[in-house]
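Naming follows writing order (A, B, C and D), and every chain is counted from residue 1.
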Amino acid sequence: MLDTASAKQKLMAFAESIFNRGLTAGASANMSIKTDTGWVITPTNSCFGFLDADRLSVLDQQGNLISGDKPSKEFLLHKAFYDQRPDDTCVLHLHSTYATALSCLPCANTSDAVPSYTPYLTMRLGAIALVPYFAPGDVALADAVYEVAANHPGVIMANHGPIVSGKTVESCVFGMEELEESCKLAFKLKGHQANLLSKDNIADLKAKFANK
Amino acid sequence: MLDTASAKQKLMAFAESIFNRGLTAGASANMSIKTDTGWVITPTNSCFGFLDADRLSVLDQQGNLISGDKPSKEFLLHKAFYDQRPDDTCVLHLHSTYATALSCLPCANTSDAVPSYTPYLTMRLGAIALVPYFAPGDVALADAVYEVAANHPGVIMANHGPIVSGKTVESCVFGMEELEESCKLAFKLKGHQANLLSKDNIADLKAKFANK
Amino acid sequence: MLDTASAKQKLMAFAESIFNRGLTAGASANMSIKTDTGWVITPTNSCFGFLDADRLSVLDQQGNLISGDKPSKEFLLHKAFYDQRPDDTCVLHLHSTYATALSCLPCANTSDAVPSYTPYLTMRLGAIALVPYFAPGDVALADAVYEVAANHPGVIMANHGPIVSGKTVESCVFGMEELEESCKLAFKLKGHQANLLSKDNIADLKAKFANK
Amino acid sequence: MLDTASAKQKLMAFAESIFNRGLTAGASANMSIKTDTGWVITPTNSCFGFLDADRLSVLDQQGNLISGDKPSKEFLLHKAFYDQRPDDTCVLHLHSTYATALSCLPCANTSDAVPSYTPYLTMRLGAIALVPYFAPGDVALADAVYEVAANHPGVIMANHGPIVSGKTVESCVFGMEELEESCKLAFKLKGHQANLLSKDNIADLKAKFANK
């Protein structure tokens, strides 16, 4: 478990990288890391490109603000993952273009919402869940995420965007990046009769990489 | 209200970030900040990637040039917002790809020109107005913007690009980034039978976030 | 006219910016600046992201190499512009994605190859010429560019990419960026019944901005 | 042949550039350089944006780990190129968007999988081979790459991504970037009746640039 100072440093480095590579815009993203004394989370209405380590919200284990600015209103969504997945230590929410675009499409299977053209999303996050639209801040949205979080470290919220949980900061961020790439492929390949992985391919991947 | 030095610093930081992330190209953008003594604005034909703080145009409250290079010819458009929205302190104009592309499409409702696939544009800027095409520098364009600016902090100029006004530099920039993202979604989702937010969803958002 | 040291500095700054924003990839671009003693040009097979000022090719007014690495083989194309446009001091060639993509499409009017959805390409470069495909290094390609360069500071070479000439480094680079944006709009708007500027709009722009 | 320290420096510089320009995301890429004492390769599950020179895997000429973290599991794929192409000193594997997207499409000619809209891919890498899908880490995938590597420095692995080998680090990286650009053009031009280079054009390029 990271201490607060290390968590701040890691959050700053990944958030800046995510922002500069165009994975999120304006003040739409938020990220938290579980620490030995609670959490570090990005403040409400903050921008990943202009974070200030001294203003990151530091919370205790009950979620009370200890120092820094007021935390992101979406900490409720993060909490849904931490409650359901006690080994996880990082949650990241973006409005990345392609996962957000996919969140607006009709969905045939809300327990497996993203097509598998390559093995990597299966290997990193498994099947992605899709939860219905609720207005930002509505507790019903946190409830909907809570319902699926135990089985799905990667969730897409309809007409909103993706949220990913991970055991480490790295597995969380790399999982999110793979999710965005998979959604990008889904759009680029629409209408081109592209080859999906077969059910056997997916079963084989799950068998090989389940404990990873 | 910012002083000139702080306004220059903020303008430089946001302009460089906007440029490096590909939200505007060449010398097509301009940005102004209202200060305690007038305005700071990017010079005519300047490039957001290569600004020089000493050459930013400093104007007094009558719009006379006090120091720096000749101001952007599009200050007239900025002035339309400042005159109609006395609490606003920042105006940003870009030729960002997707808002500019959308500005060239036939428009069914010029008082609400951008489809709402997610809640964020409604929350940040409300409905976006579209004004007709006029040649760059034509005072009729500033007049057209003036007509809609009181009700619309976000405006798209046909065959030209977006312009956004905000109470703070941050709300202006983040509003613009949300506008570009919303236009990007509009293009990515064309022809895919995507789910728009319903009128009830939008009314609910306006009720919840109106005073924000 | 810039001296060699200033020209090197400017070339390095713009080339790096162009590369980092994804306007060219690998070793596909080249750029030259006319100086008081000849030219500075990027070396053959060099990459805009990893230029070394000491290795830039310095040429005298006869085109002989004075210092630095062997110059780009495409100096012949640059020379076509300098010979036809004695006031120009900068030429830039990229394989930017959208201008290159457009270079592969059937073309209805090789004297005006890029559609005008916004006024800015007309204002910066006027109508863009398209020349036929020839293999890289073929003198027939330089001849074809020479034929159109007097009337067209912006040229697209079929199945190859864009090349732009300008009176200053800035007008050359900003013209190129506008060309790429215009080609991007052309692709994004295909099939969407977008509104082009009218012939009257274009004539009006030419009248207003001809001497600019 | 580079020594270990120079190879590390070069790998770090190119990997960071590749990452920051969006050519690969998360921890999906790997890169190796042959040195006078073996190889330097990126560690397993490492991210091109956050490499640490001290943790790069240093291997001896038998492939044993000498220092640094555990090497990428995909060293087997790199080895297929080094075994077949004794003059090559660099191998790069990415999940770049467009080459990966193309890897999921039906393929008419697995010995020439990428259409030639411009001359540059032919000049840098020649025809690109496509090998069938196998699960990551399956030795059958390394075998399939080995089969084609003698004739093809550029290979696309179905439902996976591109891998490129080069005599120098630069020729490897620039070849990969050209491959990604060519695949991007293939997608942008789909359905637009774009002009491919003719067989004569390609034969002419091979004749002119074969020994390059």
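Basically, a contact is a pair of C-beta atoms (placed from the backbone, for glycine too) under 8 Å apart; a residue touches a chain by one contact, two chains touch by 3 or more.
Just so it is clear, the model here is predicted, and its values are computed rather than measured.
A.B. asks: Give a one-word verdict, same or different, on whether subunit A and subunit B use largely identical residue numbers at their interface, taking over half shared as same.
C.D. replies: different
A.B. asks: Farthest chain from subunit A, going by the mean of C-alpha atoms per chain?
C.D. replies: Checked the centroid distances; the maximum from subunit A is C.
A.B. asks: On a C-alpha centroid basis, what's the spacing between subunit A and subunit C, in Å?
C.D. replies: Centre separation, subunit A to subunit C: 42 Å.
A.B. asks: Where the CA atoms of subunit A average out and where those of subunit D average out, how many Å apart are those spots?
C.D. replies: Subunit A and subunit D have C-alpha centres separated by 30 Å.
A.B. asks: Give the residues of subunit A touching no fewer than two other chains, as numbers and ranges.
C.D. replies: In subunit A, residues 20, 22 touch at least two other chains, as defined above.
A.B. asks: Would you please name all pairs of chains that touch?
C.D. replies: Every touching chain pair, ordered by label, is A-B, A-D, B-C, C-D.
A.B. asks: Inside the complex, what are the residues of subunit B that reach subunit C?
C.D. replies: Checking each residue of subunit B against subunit C gives 19-20, 22, 25-28, 45, 47, 49-50, 95, 97-98, 100-101, 103-106, 133, 135-137, 158-161, 187, 190.
A.B. asks: Looking at the complex, which residues from subunit B come into contact with subunit A?
C.D. replies: So the residues of subunit B touching subunit A come out as 13, 17, 20-22, 117-120, 123-124, 170, 173-178, 180-181, 184-185, 188-189, 192-197, 201, 204-205, 208.
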